[in-house]
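Pasting the structures in now, so scroll down.
Each of the next two complexes has chain A plus one more chain, namely chain B in the first and chain C in the second.
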Partner chain A sequence: MSERWMVGFATTAAIGAALGLLYWAGAYELRLGTILAMYIALATGWNLIGGMAGYPSFATAAFFGLGAYAGTLTQVKGVPMVLAWTFAAVVAATVALAIGWIVLRLRGHYFAIASFAVVIVLREVATNWTGLTGGGMGVSLPMLQSSMLAQARLFFAAQAVLAALAVAISLFVAYSKLGFALGCIRQNESAAGMLGLDARRAKTAAFCISSAITGAAGAIYASSIFYIDPSDVFDILLSVKPIIMAMLGGAGTVAGPILGATLFMILEQTVWANFLSVHSAILGALVVVIAMFVPRGLFGRRLRRRLA
Partner chain B sequence: MIAQVLLNGLLLGGLYACIAAGFSLLWGVMNVINLLHGTLVVLGGYLAWMAFYFFGVHPLVALPAVALLVGLFGASLQAGVLGRVVGAPVLVTLVITFGLDLITRNGLLLSFGADFRTIRPSWTLGTAEVGGLKIPLDRTIAASAALAMTLALYLLLRRSWLGRAIIAVRMDRDAAALMGVRVRHAFTAAFALSAALAGAAGALLGLVFPISPLQSDGYLGTAFTVCVLGGLGSVVGAVVGGVVLGLVESIAGFALGAENASIVSFVLLILLLAVRPEGLLGRRGYA
Partner chain C sequence: MSALLEVQGLTVRFGGLCALNDLSLRAQPGEILGLIGPNGAGKTTFINAVTGAVKATGSVNFNGRSISGLQSFKIARLGLARTYQIVQPFPEMSALDNVAAGALFSGAAPSLAKAREQAEAVLEQVGLGREAHSFAEELTLAQRKRLEVAKGLASNPRMLLLDEVNAGLNAAEIDEALQLIRSIAAAGVAILLVEHLMRVVSGLCHRVIVLHHGRMIADGQPARVLADEAVIEAYLGRRYAERMTVAVGG
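This part shows the complex of A and B:
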């Protein structure tokens, strides 16, 4: 099958599955679908900076939490939901621009640590700025007046649209000049710079787009559970899971994070359902095994070209 | 009052130096950031607590045994898991150590629960007062012991055959192998030393602070910051960085309130990374 056909087929299947869930599924299946869509959005978002540009970012949780707080606090003030989500994406992108200016000068371990530190700083700020964020007590959103099922449908639709948007952006970036620039940066940034590529601009653009997607995912997540606190939305696991997903499917490709997120979600749900008290140990073992034995992803070889 | 704040910072700095020296060694020698490091500190704390609770042994007495056990644990992780991915990309080793951290933490949580454990020996030295300055003697002994162990690591790296082998591997892995150094063994030894120091620091911290699995993030962050402050891979840098961080946290805690102290240290970390990633001393250290 040619690439174009595969994309067409996969898109149709995904849209079909989403519509099917919306019409026939109950609240529980919709909830699973919502998590899957969020994972796809997060993994695809991380992949822009972490996979395509090869910058090992651990900042996902920072922008997820930032988006969650931005969305929640504006909604508490009475801003309509969709507008608040958009606002959250804008806030995340703006903050990413400022933070990126500092941390994107660093490479390798230093970048990884700095991005890690960003999560901790934002979490501490959210915990201690009690006047704005409610501190460790968290913030609650007013409950919606609709039925459980209608709410589940709404939030599933929102995350699914975001995931689709993320994948579309990722596809667009992969085939654009930006994607080419990111590939050059991943392979040899100094050489790319010497050939006149503005590495700074490309990295910053990828970091901001990635953060906007992550921030929006955080805002929708916050709306869907009606209550957030710093330890939940700035959880460092939120930084690591998307990395695992992208690695599992094949980092740096468009399809890799989608396949990886799906597979990871299935594994995670199985582990959760069967081994509650040791689930994080099993998750850890899974992470170790994936990183040791399939660092290039299960589908990495097949997806070696950009999509594809 | 200022003198008191500075003294507290210095005492904290000694313990920080001990945590960071091992972390820095691994980062320098193996190019691995060990995300498990904070949990190894907590593990050391729990072992000391067990020794105290079940056998009534004072943490200072249990110290060698704790260091040995945590060191063995570290060596087995290196031999069993990390040794198989030597030279892998940054992301791979980061993810692997994170996974190992999840497993170890889950183990700790299952064995000890999430509540705080405290070690309160029946004999304490109390505090001495010198010219209005309150000197907590237990804490002083803990900090001195931590500094002594850091010094021992320094001497080991400088003087012993093993230490020279580790440094040689750090300088040039291939050349060291050609000179007859068994690189795998040097890595395992480095990991064991690093873990032993972390565990010992945990036992000493158990004398000062309550022990809980939730603290491992904080200790990991401390190790990061100290390494970046002092420069990578040098024991002297770890001591300087540890003392500076101890002072900064102590002063920030005094001026802005204790809850903001960690924000200050992490903001300091990010800024330093941006401005001076080679550390305050400004040279790559080889011991």
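This part shows the complex of A and C:
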């Protein structure tokens, strides 16, 4: 019962904070809130395949970029914004279905490298398919005819709704048959198969859901900055950061990625803003420290035990 | 009467090594079949080949349909369950959820809640009722072996392939395991038992098959097979045979 109480409290606090930001905050705070919401969506999305199923995907940047391009190109053609975001999620899920069916045959390091390759391939496609994507020149979206603050509010609300949706999906999956199956896959995939589990189907489902969330986040991001190019939306840091966040908080749990994303955001804003030149070195050091000392994340073991 | 499991000319090659050579056998519902032989004879390979874990040539029919070349999870759903020689639990899950996985993935239970309900009954049946909420990694070896059986049993199988479920158990634990296996077979489930303990084989099996270098060298009732010259030569050893003769003679 106390767990349910905590979840209720956290939900209320999050909604309160979001509404507070919408009404009282300025454009700068709203932009920080937008980044945080996006991080939560990305970390939660990654966690479905990377945490729950234990498949360390580096493909987040691929589906983020794919979603960004799908959303932008349809908006350029005149499709309304929200519809374009939805379309981006569908495109990401569809491509994930095709790619996942193949790369999810691989395990561990092999899967990680294959998923990383997906980012590079899609980035190359976006760079070279000039007729569709504008190539390295990127694509611009028409500016919105509203005030800066109104825009900041709109995109914050969009990423926040996506983050809430992602968490709701994650919570639903965690307690469903699919989540149970993913846990078994993470712990012993061949034994799960021998009990009759179609592991490939479960993994692919998780990969598709994860990619849909990531694609939508990319599309909203693209709308919010009005201009995208391949090096920005297929940035490999977009793959690495969600992994760090989820692992920092506790991969495989519902709350872990949320807490991890928040903590990461605080780190990024305070420490890193002051050490811009060694920014990547600190990121690398953080990965090593997490892997060595808290492989289950700061909140991981406790949360997982409670959920089990 | 048509057999539940019918294997014809099963052959498995690992490169130049022929791990299983032209093996044929049948099993009836409720039958307890022993599979014995020295290490490396192909016993586990046989289980792997039948359950689709390794590629094999030859034909395997189960419950009236061909399962050759079928994926493992599909074979499991048809009611052919196995255990592993080296136990394969889901370590971070409770014993209850481990068994529930067997009920859920095989299709024996329609939902997770139902699967847990069924798992509880199965845990009772194998004597792990009190361990339901312990994590699998916290169980003793004997308990983990029984957990393996429970996972297979929860799928409501027609046939269970048990790979050395008694290895490493003490005498009292073995007695319990024997009773359990007997009761499962009595319910009509066919059992194939890979075993090294002759006490278990002779006391439990209706029929024994002996493998040596991937070939079947004997097939018949335990007493007859264990007295067979070729079996003694390949597996049991002279001294065991002499002891048996003395025991039988005295």
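A few remarks follow.
Everything below uses one rule, namely that the second predicted complex is superposed on the first by the 302 of 308 C-alpha atoms of A that agree within 3 Å, B and C clash if a C-alpha of one lies under 4 Å from a C-alpha of the other, contacts with A are read in each partner's own complex, and residues count from 1 in each chain.
Keep in mind that, in the parts below, contacts are C-beta pairs under 8 Å (C-beta built on N, C-alpha and C of every residue); 3 or more make two chains touch, one makes a residue touch a chain.
Please read these numbers as outputs of a predicted model, since none were measured by experiment.
Within the superposed three-chain model, A:194 lies in touch with chain C and out of touch with chain B [touch as defined at top]. Of the two partner chains placed around the shared chain by superposition, neither chain B nor chain C is touched by A:164. In the superposition on chain A, contact of A:181 is made with chain C only, not with chain B.
In the superposition on chain A, A:263 makes contact with neither chain B nor chain C. Contact with chain B, but none with chain C, is seen for A:112 once the two complexes are overlaid on the shared chain. Once the two complexes are overlaid on the shared chain, A:90 sits clear of chain B and of chain C alike.
Residues of chain A that touch chain B in their complex: 50, 56, 58, 102-103, 105-106, 108-110, 112-114, 116-118, 120-121, 124-125, 127-128, 236, 240, 243-244, 247, 251, 277-281, 283-288, 290-292, 295.
Looking at the complex, you find that chain A touches chain C at residues 176-177, 180-181, 183-184, 187-188, 190-199, 304, 308. The residues of chain C lying in touch with chain A in their complex are 51, 53, 71-73, 76-77, 81-82, 84, 88-94, 97, 100-102, 104-107, 111-112, 135, 151-152, 155.
Of all residues in chain B, only 27, 31, 33, 81, 84-85, 88-92, 94-96, 98-103, 105-107, 110, 217, 221, 224, 228, 259-260, 262-263, 266-267, 269-271, 273-274, 277 touch chain A in the complex they form.
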